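Each of the two complexes below includes chain A, the first together with chain B, the second together with chain C.
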Partner chain A sequence: MKRKEYPWKLKVVIIFLVLLPSFIGYPFSLIQSKHFFLWTMLSNAPNDGTLLYLFFSCVMIRLSAGVKTFVMGLKVAGFLAISVVFVGAFIAYIKMSIFTSGIDDFSSLSMYYVNRLINIMTVVPLSVSFFMVIPFDDIEHNIVTSSVGIALWKKCVLMISRVVNNIRFSVMPDIFMIMSEERYKGFIESGMDEENLNPDVLRVKIYKFLKRSLYVAASGIAFSLEYIPLWAYEISRIPNLNGAKYD
Partner chain B sequence: MIENREHSGNRKQVKILLNIGIISAFATLSFVGTTAIRIPIPATGGYFNIGDTFVFVSALLYGPIIGLFVGMIGPAFADAIGFPQFVFATAVVKGFEGLVIGIISKKNDNNMVVFLSLLVGIFILVAGYFIFEAYIYTELGKSIQFFAVTDYNAAIAEILPNTLQGVFSAVLAFAIWKLFQGKK
Partner chain C sequence: MPNYIFFKLFEEREERFRDSVHSLLPRKYSGIPVFWKDMANVLNGNNVIPENQLAYISSNPRDSLPYTFVSDLLRATSLILPNKISENVKISAIKEFNIDVLLSQKIHSLSGGEVVRLALARNYMLSHVVDKVIVSSPLTWLSINNMHLFKKMTDYYTSNAKRVDVLAMEGENEEGAPKYSFKKNLSCGVEFKDLVIKLGSDSNGAYSNGLISVQDYRDNIDSPCLIIGDNGSGKSLIAKALSSSIEYDGNAQISTNGFWGRSRMIFQDVITQAMMRPFDVLLSDVDKMDQVEIYKIFNEISRELFSVYRDMFCCDIDIGNSNKTDKSLIEYKIMLTAIRIYTHPSALILDEPDWGLSKNASIAFVISAVNAAHERGVAILLISHKDWWTKIIRSIIKVDKDVSVNDSVLFKINVGKKLIT
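Up next is the complex of A and B:
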């Protein structure tokens, strides 16, 4: 039997309600104990409330938004955790190894990053799910095909949706393509050659690399702004709610 | 007569939609620049990013109001994913940063004026976060646990990374502004 699909507005409300404790703390902040056996030996360990909230948020995303959204949320959280938690912990450990030697410091630092990881794995999938359950394409289609005309605020939503989708699905892939065509990878690899380690050659290569990076950033801006005047004109011509047309 | 009024109404709508589009584009780019490139600062738990570049460029090219909204929306949304405690500080500091850069530069073509506006922008970035982390969040944290994420020492530790972030973003923004100069 096929599972019943909830309306997207209900999904948004559910995920928003699940997100609320991450801002206000309650009711999970009321659970202050550290009964979870792995943590009992360590100071600054996450309490049961934090772990319970992580579990609760995962279950709620899976039930309300579906497996695909849940997996996507976990992927984004994992990607962010690489730089924020793992690289952060690595840098902090090196810094601590040089300046301190106390085992307690290492323990509390570890727990700090474990807490941070739990925080990211809880909040990020929720935030991602919140945006993913909103069917932007359907909303855009409904606005455009409206027979009675649309209000100005809906035109603004339509504009925002078009710009964000353009950046997501067109500008970003284009930028990645430009970067691969510009042979950034080739530059890094060729930099390892003995001849290229010559300071003058390296200086020129770094200058070229920075110049290309600048052009890539500027291209990103230009591609993002390219169609905005056209869309503004096009959307403004959709009939207004009061029936006024601009033909 | 009616036709003229309709055309002026249309022009007004086009202008509103144009501004909304520009704000959305720069806010999204700023969001991407903030979330995709995150270099952590262990002392504070914060992170270094290039989202400011797009706030600076938007204010230089399109003026204070666009700069204000881009600064308030893009980086704040990025903070909402993973660092919700900093949303309030980021929205205020970066919004103010975009507003002031836009006011000083006034879409000016003078290099010195733009350079000065970016310097003020860096100062607002550094001083703004310091004030929030050292005083406002510390006070708020006494009554609301949610804001108890930083203190005076952490705020001091973040001055240097914030300055570096501001300088790097400003250099990049200046270069991008030079590329776009006269091509709007």
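Up next is the complex of A and C:
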């Protein structure tokens, strides 16, 4: 039996309501117990409320927006986590290992980045889902169906739709397609045995992977933004609804 | 007659195109003062209309089509036209350029040739309000069956005494090919079995959900093999399945030396993204020793390129100004080829290898890539509409689209071997 599809406006409301606690804190901030991270004995360890919010948001995205959107959100969050959390933590650890030696400092730093990771994995999939459930392609289509011109405020909506649609239907699929092609390493990978996976090699590999991920993220941002002036020109060419045409 | 301007180098042509459309993309290319002037216009509710009205097709034709759906692009274009003719011009463009079958599709899901057809239709519509059209190398993407559409668009401009500038690579509009015998011959097996390409996944996000089935096919072919077919027949789709760039069920594989395995592919999006990264980042996920080996292949292909070019065309190839950080398009193509050959795939698929290269440079590049690949037991498959390869290739696979299938499948791709005539 085919699952009932909710209207997109209802999905937006649901995701917005789930997103709300990330701004106001309530009600999850009321749960201050630390059963899950009890072993750390640290005051800045994430509390159960934070983890419960992560779990709740994942379930709600899955139920309201569907598996595809959920997976997409996790992928984007994963990319951001690599660049923000792991690279940040890597640099902070190196800095700390040079200037301090206290184990408590390291634990505290770890907890800081664990907190940050949980926040990213909660908020980013929600934000991505928020944009994914809005049918920007249909909005763009409905605006352009006018036969005389487009009102200025609609041109602004058209511009926003264009940017989102470009990222959604062009930039992201292209990046995933290229990554799928490039993941294949042929015999370089198959020739790798356990001996080669010593910590040094692994560290270098992680560094290279992070470096490459940063370039992929940077090119994604560049591809997302580079045509904005062109669209601005093209959209401004369309007469305003109250404006006169050339005839 | 269109005003053809030929370039030896992709970088020179791109620069010329940017200069030509200067007034079209004011914020991007005209600097900060123009940005603020335009901004003031927008805030005052005025349109940002450049002094010279231009139509254009960029070297990546999709860039010149700024809407999601085909129907929206044509509708938005008709809004720019005078009221009394807009609807008629739109209907005529749809008919003249065979756009009716594409109307409900997203622009990003169209093949290269279909995108050019749409860009030609749009420029045909704009011919009523612009003084000039600038086209950057559209011939790469068009199949022979659709080549008359380009002439149709340019004729419309020239018959109305409007200027048509075609910025093309040297030899782009020429036919015929030189003969070449490769140093080493190589055969391979191609198999498509129960292959169903799944559209609508992450990597095919531009498409609506749907399936495309591919006819079962198993045969031996000689490398280099040319994959031919009309625009939108599914050449790139089966190539992307062979290289696992898109999601599919079933088998799509090539065997060389008795080994069935995955292929690698170089298509335009790969090149565009690669050109944003320096060489050391392109090679960042391979070990130092592997980098040395990849550079050996890079140097081997480069040397071969110079030597083949000199032997065939009796002059030296111009690869542009290259330095450590700023590499030219052909160097990127060679590096991407070297990286892929080094990973020992069953085959390397070059999708539109002539994109951004002059005719002679394309031929020399393909020959040097084939020699390096055959040396390492890697077969080469080409996807191209040009007839330049007819005396170089050793086999042909013909792909065509069969629309008579059931509801769950959007269309079926038929694959068959074609004799070289």
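A few points about this structure:
Definition applied: the second predicted complex is superposed on the first by the 144 of 247 C-alpha atoms of A that agree within 3 Å, B and C clash if a C-alpha of one lies under 4 Å from a C-alpha of the other, contacts with A are read in each partner's own complex, and residues count from 1 in each chain.
Here is the rule we go by: contacts are C-beta pairs under 8 Å (C-beta built on N, C-alpha and C of every residue); 3 or more make two chains touch, one makes a residue touch a chain.
Just so it is clear, the structure is predicted and the values come from calculations on it, not from any experiment.
In the superposed pair of complexes, A:P229 makes contact with chain B and with chain C alike. Of the two partner chains placed by superposition, A:V13 touches none, neither chain B nor chain C.
Of the two partner chains placed around the shared chain by superposition, chain B and chain C are both touched by A:R237. Judged by the touch definition given at the top, the superposed model places A:A151 against neither chain B nor chain C.
Contacts of A:P173 after superposition: chain C is touched, whereas chain B is not reached.
Once chain A of one complex is fitted onto chain A of the other, the partner contacts of A:E140 are limited to chain C, with no touch recorded for chain B.
In the superposed model, A:K208 lies in contact with chain C only, and not with chain B. When the two complexes are overlaid on their common chain A, residue A:V163 makes contact with chain B while staying clear of chain C.
Contact with neither chain B nor chain C is seen for A:V59 once the two complexes are overlaid on the shared chain. Of the residues of chain A, those at positions 152, 162, 172, 215, 218, 228-229, 231-233, 235-237, 245-246 touch chain B in one of the two structures and chain C in the other. Residues of chain A touching chain B in their complex: 22-25, 29, 76, 80, 83-85, 87-89, 91-92, 95, 112, 116, 119-120, 123-124, 127-128, 152, 155-156, 159-160, 162-164, 167, 172, 214-215, 217-218, 220-221, 224-225, 228-229, 231-233, 235-237, 244-246.
In the complex of the two chains, the chain B residues touching chain A come out as 6-7, 9-10, 13-18, 20-22, 24-26, 28-29, 32, 35, 38-42, 45, 47, 53-54, 57, 80-82, 84, 145-146, 172, 175-176, 179-180.
Every residue of chain A that touches chain C in the complex is listed here, in rising order: 68, 71-72, 75, 137, 140-141, 144-150, 152, 161-162, 165, 168-170, 172-178, 180-182, 184-188, 201, 205, 208-209, 211-212, 215, 218-219, 222-223, 226-240, 243, 245-247. Chain C makes touch with chain A in their complex at residues 24-28, 38, 42, 45, 47-50, 62-63, 66-69, 71-72, 75-76, 79-84, 106, 108, 129, 202-206, 240, 243-246, 262, 264-265, 269-270, 273, 276-277, 281, 284-287, 290, 342-345.
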